[in-house]
Amino acid sequence: MDELDIRNFVEALKQGKISPEKAIERLRKLPYEDLGFAKIDHHRSLRQGYPEVVFARGKTLRQVREIVRGMLRAKASHNILITRADKKMFAAVKRLAGKRAGSARPEFHELSGTIAILRDRAIRGKGLILVVTAGTSDIPAAEEALVTARAMGNRVEAIYDVGVAGLHRLLEHRQKLAEARVIICVAGMEGALPSVVAGMVAAPVIAVPTSTGYGSSFGGMTALLAMLNSCASNVSVVNIDNGFGAGCVASVINHL
Amino acid sequence: MDELDIRNFVEALKQGKISPEKAIERLRKLPYEDLGFAKIDHHRSLRQGYPEVVFARGKTLRQVREIVRGMLRAKASHNILITRADKKMFAAVKRLAGKRAGSARPEFHELSGTIAILRDRAIRGKGLILVVTAGTSDIPAAEEALVTARAMGNRVEAIYDVGVAGLHRLLEHRQKLAEARVIICVAGMEGALPSVVAGMVAAPVIAVPTSTGYGSSFGGMTALLAMLNSCASNVSVVNIDNGFGAGCVASVINHL
Amino acid sequence: MDELDIRNFVEALKQGKISPEKAIERLRKLPYEDLGFAKIDHHRSLRQGYPEVVFARGKTLRQVREIVRGMLRAKASHNILITRADKKMFAAVKRLAGKRAGSARPEFHELSGTIAILRDRAIRGKGLILVVTAGTSDIPAAEEALVTARAMGNRVEAIYDVGVAGLHRLLEHRQKLAEARVIICVAGMEGALPSVVAGMVAAPVIAVPTSTGYGSSFGGMTALLAMLNSCASNVSVVNIDNGFGAGCVASVINHL
Amino acid sequence: MDELDIRNFVEALKQGKISPEKAIERLRKLPYEDLGFAKIDHHRSLRQGYPEVVFARGKTLRQVREIVRGMLRAKASHNILITRADKKMFAAVKRLAGKRAGSARPEFHELSGTIAILRDRAIRGKGLILVVTAGTSDIPAAEEALVTARAMGNRVEAIYDVGVAGLHRLLEHRQKLAEARVIICVAGMEGALPSVVAGMVAAPVIAVPTSTGYGSSFGGMTALLAMLNSCASNVSVVNIDNGFGAGCVASVINHL
Amino acid sequence: MDELDIRNFVEALKQGKISPEKAIERLRKLPYEDLGFAKIDHHRSLRQGYPEVVFARGKTLRQVREIVRGMLRAKASHNILITRADKKMFAAVKRLAGKRAGSARPEFHELSGTIAILRDRAIRGKGLILVVTAGTSDIPAAEEALVTARAMGNRVEAIYDVGVAGLHRLLEHRQKLAEARVIICVAGMEGALPSVVAGMVAAPVIAVPTSTGYGSSFGGMTALLAMLNSCASNVSVVNIDNGFGAGCVASVINHL
Amino acid sequence: MDELDIRNFVEALKQGKISPEKAIERLRKLPYEDLGFAKIDHHRSLRQGYPEVVFARGKTLRQVREIVRGMLRAKASHNILITRADKKMFAAVKRLAGKRAGSARPEFHELSGTIAILRDRAIRGKGLILVVTAGTSDIPAAEEALVTARAMGNRVEAIYDVGVAGLHRLLEHRQKLAEARVIICVAGMEGALPSVVAGMVAAPVIAVPTSTGYGSSFGGMTALLAMLNSCASNVSVVNIDNGFGAGCVASVINHL
Amino acid sequence: MDELDIRNFVEALKQGKISPEKAIERLRKLPYEDLGFAKIDHHRSLRQGYPEVVFARGKTLRQVREIVRGMLRAKASHNILITRADKKMFAAVKRLAGKRAGSARPEFHELSGTIAILRDRAIRGKGLILVVTAGTSDIPAAEEALVTARAMGNRVEAIYDVGVAGLHRLLEHRQKLAEARVIICVAGMEGALPSVVAGMVAAPVIAVPTSTGYGSSFGGMTALLAMLNSCASNVSVVNIDNGFGAGCVASVINHL
Amino acid sequence: MDELDIRNFVEALKQGKISPEKAIERLRKLPYEDLGFAKIDHHRSLRQGYPEVVFARGKTLRQVREIVRGMLRAKASHNILITRADKKMFAAVKRLAGKRAGSARPEFHELSGTIAILRDRAIRGKGLILVVTAGTSDIPAAEEALVTARAMGNRVEAIYDVGVAGLHRLLEHRQKLAEARVIICVAGMEGALPSVVAGMVAAPVIAVPTSTGYGSSFGGMTALLAMLNSCASNVSVVNIDNGFGAGCVASVINHL
């Protein structure tokens, strides 16, 4: 009974405006679709303005296909995002989408493995979300963040390869940094970029550690820990390589 | 030359509106004060609307006293925050503040060891920041977040002890959760609260893991990792027990 | 509306047997008491037959006292358990309990720091819960398990210091092991006891790693990991030193 | 001399009812079969009502085949379970089973790689074992638990994809959760589901962390730690992805 | 029935040479003494020539006193070793030992906290056990090894402070190293000494990592890992600071 | 404005010696080239005498090719180094270099995957850099260090397979060790070599842990930790397998 | 000057019995062969009675071949052991050995990847080395230990699959355990076997953790830690899967 | 025979210029003093120009006193450094030094616990060693580095509290950074300072992680890992809080 006014509901029931059966059903039914192995939460899209999202890794091709089929079936015009997908999944999704007249064309962002079906391209986020990376190898996570934030209705721009060991490359983009309403800062290795960037701006900085690096970078753990211990206080952190999460958090903030 | 319009500066110099000496000084001088062992960054307060902050742990009593003296000396009416302080430090700060007529009275928040000198009590944050804890033992970190967010000009409220193993306690506060513009979610042990709370709202959720717990909670590491792996996508995370950081991030967002 | 039959409730409302005000209240009110910094969940005791429990570590003396005062105030005859307490807390609890005529006398179990106020001594668990330790240093966690299981209405016995490097000590207690309906197996260091015990019986074995040991025992981590990797398949594990949890799980099983 | 009454044995020996040779043999012989590289423990099946189990990972195809051949050779009608197997092993097992008239047909559960030869389909467990997963990617471990618990003679049902960030999906299944005698709760990522589920029921909850997730989920370590630190006290935990263990523990409890 | 010849026992029983009661008792009784919270294993001393050992850490003063009282009560002339003890425990042990005429005087080795009561000073080990340390701070663990090996009847010598960064100090002791039958090599920090020593001799080298060091020495973990990865192949390792274990292993080998 | 004398610049501007446009450009422009996904920092080569370096791992073939193309395009005669490359990348680089008349021929060092294009073979480093390895499996990291140091204009020699368990192999090279101005010491497993080598010389020793080893060598973590805890005080450490970093640090020192 | 009597050498030099050239050479020359990328230490075999050993993992086929060629070239009749090799390496070694008349035939032990060329089959170890495994999956490490100990001139036997959850399987082999002079105990998962075995015997027990297991077994780390924390005191430990090391240590002890 | 020319020695012996006794003595004797529990290595000071150093932590007061007494007794005019000492040790050292006429007065540096007895104040290092810290809490480690480098004959300066979140504070010191021949960069928390500093200069940067911070800073582990993964290639790293090591390495380099 999330959005229900309890008083109204009780009154309606009292006055016979709702039959007991309807009332019971209403108390029970929630807007999601049950595929058995997965429950599609149309409700969440309704409630939070999120796209419908499938995290493809760890799911079989068949499972992904069934979930996307269910999403496309729903009349809603929400965007659809499939993260950590591969080429086979993209081919399957293209076939599914092709059958439905009027449906938007799926796009595949290869570096990050993100499939986006943008059925709604309106910009509702209030400002600019800026995605910044320390190196070239951080681009996959940055791309996932960028595609996610766009699918959630934001204006997004990116600056790549401005790591802290060459400050002049970063300092040149001060203007753009100052312009951004939210910054997503993507870095592997020592994960120092968010501290430096956050010290230069007043905006919230979402730090994304990446698994870029080797040896004692421990698959991104070092960058993650560094970011959590940032001496800048406008920084918060998401999981390693979690471009999707960063895009979501940034979008949620940018819609405030 | 952060906020300077380079063109204007160059033009002014060219036209002699600024003397070379002034220009050199301007290129050199930045608004911070050098105590030798510490540099007070009045600049940051100016630029980002932050209070002046001292992280007291790891500093000697003498160092804290000197830094606070410098902060009080500055004419600015910024709030002053001393985190992770103890009673001795509070006594010293009270003595320092007492000497200055018109200065605000320092308050000591004992559970978290936070000293606040609120010289400016205006509310500039746009909405409500809500601080939620899973248990009673999480209150110290929550208090630090609360005091910080207040010192940064926000309306803040708190709900304590609503952990996920007793969902009814949490569900009762749905209204308040829905009302918040930003939520700070503080939990130790398994760190599950942010996932549940974030699933109930559309607001950004700042998760603060605490060192509450024992054994394999590893001083908050378990809660931290759990929060980083949250299945809710509107969650970002700060360091263990970092109530200060959460308060800052929440405030920065709430000022957008 | 946990235990409510929704149909009955709706029907009663429909027929006017419950006034709208009552209905609203019923939908809102849940049996817990709010102390601000803590919420006493009388509800859980009602629902699950649990004692009311306070985990004292990380709480101030004042907080523990207020919570216990609330628990004693409630008319219910549930047992009260305060774990990880110290002597000061025990003194405070004794003072509180002494004021209430007819209240059971608090007992203090010093090795584990457990305070028990047994207002209900009925045995409702169906069989014997047996607590077994590898060494003498494992007794604190074992005692916490034992006191917990007793406070939850079970017959409990203990065998101490029967570690696997002296098999004959363990083998001598085969009969007792076979008699138990649930076994709690407490061990530090290499944590091997649960594997050996579980291989000898058909009962479920709850393994409790302890922080006994030094060096690479890592405060119980080694024992914990060993138990999770047990080659016996009737073993499940709780947190390091979590005698309370083991006692609860064993009691829940023993009440089936 | 596990189940022997020592008194009876000694008396029989004394009275000549057992010849010395028999007595020696009896003291020596235990019901297992030695294949050199492996010892099949028919004894365990006899004693604990377990199926005969082969953990296939880390064994060569030849080794698995020889062990299963030995199990099929034994006259006992115990069920046979081969976990973590692949298609090649299944083919070999099918060939072996096919040769024996009257033998049950092996089934292959592909997501988890579990092969079951159910020669005994009687239900002896007293209640319902319910397997619940947080996500779709947790199904492999859930399937292993489900197949195991069935092979051990239990009624088992499953609810998939009811993670804590969408509480309404979980809350809808309250009735079923309340009905279960034992619950197996399978989750990766932040591993929060067992805490929430355990807070809703009085039954014992066996938590199974899965290696679902990425980055700082550390192959399931995060979920494992979270579950061990659950604030719900009717939770115990098995190894990461250990559906088999969870099925065993649940069955052992359900047979009490 | 460890050391019993089963045939003889059965025959004796058969022929009535042992009464059923005796037989039962014999099957049951094993030479240890049960103090409730601890079981003194006189048996182990008998079987393995070990001293009776109490690991004092994690035991209360009362527990240590009761165990030692039991050990002194036994007629056996085994040596008694109390490791990780403090001055209070030593005082209590001295009082206990003083009461028994003819009992050996307890000695306290302060750096390691080892108490030894040597009732049997015969040398039965075949060669020299040499204890070598990398630094002065490693002496406590070395002393524990040395006292243990002596209490187990070995000739033991020590060379201290011959770390690998000053090879000449080590090389000077080549003769002594070559003379040893077993070498115990104690080192903290980078734990390199065992590799170098083991490369110089043909004897088995028992490596003891110590918690000497700071920062990334992680309480001895670094030395432990280094020793486990030694490129010398005559090295085996015991737990961090486990001088007692090293002394035992060395003694067991030296008695072969 | 790194190398600019601020005074001169300001004066020139004042006096009209620089036009405002030039001044603005000068404040803006920095000597790097922007490829969008990567920024080639010619500046760094100019400033620090470094070769232009591409870390190929984590970059696509296309990205590497574009970056190298940009580097070759620049007129500068800096050496070019591509580390962690594979054969395909080498083929592409050869094709690129072939097209440019006069360009140096790329060499491929297969064990380490390093491609070097040496356009400048002058020796500017003042002394000998000596690369020493503990084993044969450490050669890849050593080769990377060697090629890097050569590309940076140093005389470099190597001694392989002189691990500490066979001291005589190492001691034989004392002369060469004493001759070196900087030593790079490469070792996996227990990582003891730098301590021993550093104790023998007065030169700075750069320690490179390698991922050589298995089990508890944890991909080089053990060697890394050992080296950080070296009891020799002229040792500093770089990341696991970071031959490139060691080569750079050694070269920077050797150019002093 | 390891084995030299310094006095004799000095005297001989003084008396002209050794020419200065010879003396210099003697001080310089040590019995190893330098292949550039590897140094074959014939010296070690001479000094310690070891076989010549190549650890093949991390070496190229070419490197292994060159090293083995050098070993075969040496006239010595030492055994040759190549560990962690694959089939290609075995083929190459067979070809090399085939060319030398009279050379022993290489054998390939496939589970562990060990190649042995036994040119000397004399038994010089004094007693029996017994290799015991907890499970079938532990056989590869056990086989490496067994082949190593045999190549070093010992009588070796093996008992497989006697894990602690089925004690009767282990107890049946008491006689054989008692007979062994040294025991090598191989186990993965919870690594409990060495504690139980060591408690049953007086012989030294070398524990070998294996990477058998999954999830929180962390590639053998759990077994390793458990073994290091064994409550039995006649246990020492080698690296994960280090059958070779265990075989060496056992042999060194067995030759005492 | 470290520094001996073997040829000369052999020749001298041959010609009778050295008596056999002298030769033997010479081969044996090395310039260190044996106190039993410690060996004072005067040799190292001679060979490497190091001060004589005592690492006081983990040593008893008595041990430190004896070692310092030995150092003062030696005629050499080397400086003496006692690191990680406390006030009691300083008092003892003052008393010892006071007794010796002409001996330099010990100084106590309280933040780091370093005692220096400077008997030789000559500057032999070629350039400036600059110590830079990120925060005020990093000063103890910086002070240890500074005192060490001074005791080793270097000109040293320090800049404190110039962390990367306030770049302008750091950028202001560019001139000084450029002037330094070697830079020691001390930082806790996210450890980002060395990357930024190293990118600004061509000098070698020695990074010192500190245990400053809390929660997931893990006692300096996070800063350590970040520094090891620095994207700047002129950075090498020493142990956490190892100011002494950094001072040594910097001095060794500065003497080249």
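Each chain carries a letter (A, B, C, D, E, F, G and H) given by its place in the written order, and its residues are counted from 1.
Following the convention adopted for this analysis, a contact is a pair of C-beta atoms (placed from the backbone, for glycine too) under 8 Å apart; a residue touches a chain by one contact, two chains touch by 3 or more.
Given the structure is predicted, the values throughout are model-derived calculations rather than measurements.
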item	value
Smallest number of contact steps required from chain C to reach chain G	1
Interchain contact steps from chain D to chain F (minimum; 1 if touching)	2
Pair sharing more residue contacts (C-beta pairs) when A-D is set against E-F	E-F
Listed chain pair E-F, F-H or C-D that repeats interface C-G [over half of contact pairs the same by residue number]	E-F
Fraction-based call for chain H against chain F, same above half, different below	same
Greatest separation from chain E - chain, by CA centre	A
Distance from the mean Cα position of chain E to that of chain B, given in whole angstrom	54
Centre-to-centre distance between chain B and chain A (centres being mean Cα positions), rounded to whole Å	26
Centroid distance [mean C-alpha coordinates] between chain G and chain D, Å	38
Set of chain B residues in contact with two or more other chains	2, 28, 44, 166, 199-200, 215-217, 221, 224, 228-229, 239
Parts of chain A lying in touch with chain H, wherever the complex brings them together	134-135, 163-167, 189-192, 195-196, 198-200, 213, 215-218, 221-223, 225-233
Complex contact set, residues of chain B against chain H	2, 28, 30, 32, 36-39, 41, 43-44, 55, 57-60, 63, 67, 84, 209, 211, 219-221, 224, 239-242
Touching residues on chain B, where the partner in the complex is chain C	111, 136-137, 139, 160-162, 166, 168-169, 172, 212, 214-217
Complex contact set, residues of chain C against chain D	2, 44, 47-50, 53, 126-127, 174, 181-182, 199-200, 202-204, 206, 224, 228-229, 233-239, 244-246, 248-249, 252-253, 256
